[in-house]
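Common to both upcoming complexes is chain A, partnered first by chain B, then by chain C.
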Partner chain A sequence: MNTAALAFFAIIIGTTLGILFGFILCYGNKYLKFPFRLFVDIIRGIPGLVTIFSIYYILGFLLSGLGINLTNLQSGIIALSALSTAQVAEITRGALQSIPKGQIEAGKTIGLSFDKIFVFILFPQVILQIIPPWINTATEMTKGSTLLSLIGVSELLLTAHQLVATFGSALPYYMSVGLIFFLINTLIQLFGKLLEKKSSYYQ
Partner chain B sequence: MLYYFSFRAIQNNIGDMLNGLGLGLFMGVISLSFGIILGLIFAFAAVSSNRALNNIAILYTAFFRNTPLLILVFITYFGLPEVGIMMERTISFIFTLSLYAGAYMTEIFRAGLQAIPKGIIEAGQAIGLSRFHICWNIQLPIMFRYVLPSMSNSLISLFKDTSLAAAVTVPELTYFARKLNIETFQMLEAWGTAAFLYLVTCYLLSYLLRKLEHKLRIE
Partner chain C sequence: MSDLILKINNLKKWYGINKVFEDVCLEVRPKEVVSIVGTSGSGKTTLLRCIILLEEFQGGSIIIDGNEIGYHIVNSERKRYSEKVFSSQRILTGMVFQSFNLFPHLTALQNLTLGLIKVKHIDKSEANKIGIKLLERVGLGEKIHSYPSKLSGGQQQRVAIARAIAMKPKIMLFDEVTSSLDPELVGEVLNVIKQLAKDGTTMIIVTHEMNFAYEVSDKVVFMDAGRIAAIGTPHEIFIEKKLPRLKEFLLNFNK
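Up next, the complex of A and B:
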């Protein structure tokens, strides 16, 4: 059950933060963009496993100095959220940049202020463009939750690992876990296709 | 909270880490080559008019893309020996990653093949080219130039997936970083160096691939 909660929270946090970051990356000025650009590029440039280990060890150490002891689960959620934030930020940035500038200018000529422009013009188009890659990110986060078994978060794969150690027969446990993940991710993909169909009705 | 940053730790272990990076690149190149070959085979199967081949390709792609790589690695390394197929760690990881990469490549190549205008293929048939020649001389070059951007993306992210080999104790960069971390508690050095090496390698790879794209661009 932890797997589901993990992936779910990571996706939610990652998506909200990611859209925010992506927005900043597209429209911010040079100095505002810099830390976010650094964050996104570093996290996307190193393997997910390295991110997870780094956040677990380094952040855990830093915070334990301040007295906050992070459990494995919390570092895991932070790491997965960071990963999904970086992904969604890139997706959002790409989607925002692909909207013709003319739309923003048209909004300004009607006299809309920037936040109104965003809500009425940009947002609906951006949401449609984001859905396919976002479903991909959701799938990757679910797969990423298995990596957390390597830092001891008690999720599906780790439980299977422990069962294997107890019962000594590896294949059925791993295969069933594999099938479970396959089913979950296939459901997510089908959900994505459903979203795409419903949204393209308005095109 | 005392933390002594020491370059000593990096100095002593940089050789191991670079060896690990080399192994990662080696595994990556081999797996990706097999992955591309598998991708081509299944992509043609996916766009062929044979329903059975279509379904096989779709099943392969869906299974290997939706299942986490870590589970696949565990199944191959821990599970397969029970049915008699025993492989050494590195080889089992390369095997798994090739199958995984093949699924991603199939998706990319399939999209590329479907984007080729039918008229070109019909023109080839009109001249009288055989199936093989149409495939080799017309479809592949066009598809390759078309898919190069998304293929580069996939190649880089599949290279990063080689870090999962550390989970089955293949002496890879991530494995050495973790070893250094656990043994000496020098976290910043260990993970900082690993991150730096990965970043530099990925940047170089994407730079090289972009140059390739530029060279092959149709002017």
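Up next, the complex of A and C:
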């Protein structure tokens, strides 16, 4: 259960922040862009496991200095959210940059201000474009949640480890874990297909 | 003075250190159809883009229906208006682009009504009525709920024309609107423009269709190397063609 919930939260947070970051990466001025660019490049540039450990140990240590103690689960969610935010930000930036400049100009010529161009022209087109790569990120995050067993979050894999340690016979437990992930990701893919179909009028 | 819908005085446009044009002057009366022809890079498109404030300009003035657009003088200093004023001044004119630029996520009708609803604050049912009427006028009554991807280039361009007309601009600007169309689709778009001309729409048309320009225009402007090299009636420009540069240009064109 934890696995699905973990991935679900991470995907929700990552999608929201990622789209926001993507817009900043595309339209922010260079000073505003810099910290976001740095964040996205660092997260995307280092292995996910290193990010998870860094947040668990380094962020956990820094926050404990402020009197805030992160649970394993909390730092796990932060780590997965950071991973998905970086992915979605990059996808969003790419989608935005692929929208022809003529779209903004056409919006201007009918008197739309930039915020209206953003809401009625750019945003809907970006959402439609990022659906397929977003599905990919969502399944990656679900699978990535297994890495959190290494910081002691009792997600599926860790639970299976414990069951194996108690009862022996590894095969059925690990196979069940595989099957559950396969089912979750199949559901995500189906959901994605549905979204793609709904939005295919546009191509 | 007051019988002019557009007056351009000594317009100057630079991109960094590159001059696009200088000292461009042009007067357009209501219901007049003005064509602009000239070599590529002569500044025709940029001139249109200045009139609808998609480009900034560094000197001179553009006055549309008595409103000086883009810039004003504050304490004898030339100041650019705010984005908000730019937006309101842009709808004095309407523009049709070479590449259509329809909004792909909206139907033909929604392309037309977006500006009516969000800029002119007309309510949706009224906007739909206006939109349907205009789409019928450009011969697309059957296609009101089609998305742009399902329309041919010629149909898309007619939607784009209707979208611009819907905002009731004082002047329509056409920027090489048939250049990216297959030859067999050019006619239907030109016919719509001719009909608009007949209905008394004020228009400035940048075009490479010389026969069309000859037929539809009251006045033809020949631009060359960032200047207006000649202005005259279609007859003066295309038949008399007194200027050697103009003769050469038209000769190259008819090859």
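Here is the rule we go by: the second predicted complex is superposed on the first by the 200 of 203 C-alpha atoms of A that agree within 3 Å, B and C clash if a C-alpha of one lies under 4 Å from a C-alpha of the other, contacts with A are read in each partner's own complex, and residues count from 1 in each chain.
The rule is simple: a residue touches a chain if its C-beta (ideal position, glycine included) is under 8 Å from a C-beta of that chain, and two chains touch if they have at least 3 such contacts.
Please read all numbers here as calculations on a predicted model, not as lab measurements.
**Q** Is the arrangement of chain B and chain C around the shared chain A a clash or a fit after superposition?
**A** Overlaying the two complexes on chain A (C-alpha atoms) leaves chain C and chain B fitting together cleanly.
**Q** Looking at the overlay, what does A:Gln103 touch: chain B (first), chain C (second), both, or neither?
**A** second
**Q** Based on the superposed arrangement, let me know which partner A:Val50 touches: chain B (first), chain C (second), both, or neither?
**A** Touch status of A:Val50: first partner only.
**Q** By residue count, which of the two partners contacts chain A more extensively, chain B or chain C?
**A** Answer, by number of touched residues of chain A: B.
**Q** According to the stated criteria, A:Gln125 is in contact with first (chain B), second (chain C), both, or neither; which is it?
**A** In the superposition, A:Gln125 contacts chain C only.
**Q** Of the partners chain B and chain C, which touch A:Ala165 in the superposed model: first, second, both, neither?
**A** Neither partner.
**Q** Report the closest approach of chain B and chain C over their C-alpha atoms in the superposed model, as a whole number of Å.
**A** Value for chain B versus chain C, nearest C-alpha atoms: 21 Å.
**Q** Overlap the chain B and chain C contact sets on chain A and report the shared residues.
**A** The overlap between the chain B and chain C interfaces on chain A is empty, containing no residue.
**Q** Contact residues on chain A for chain B in the complex?
**A** 42, 45-50, 53-54, 57-58, 61-62, 64-66, 139, 142-144, 146-147, 149-150, 157, 161, 164, 169-171, 174-175, 177-178, 181-182, 185-186, 189
**Q** Could you pull out which chain C residues touch chain A in their complex?
**A** So the residues of chain C touching chain A come out as 52-54, 83-84, 87-88, 90-91, 93-95, 97, 99, 101-105, 114-115, 118-120, 147, 149, 160, 163-164, 167.
**Q** Would you pull the chain B residues touching chain A in the complex into a rising list?
**A** For chain B paired with chain A, touching residues are 1, 3, 62-63, 65-72, 74-75, 78-83, 160-164, 166-167, 174, 177-178, 181, 187-188, 191, 194-195, 198-199, 202-203.
**Q** Note which residues of chain A are touching chain C in the complex, please.
**A** The touching residues are 100, 102-103, 105-114, 116, 120-121, 124-125, 128, 201-203.
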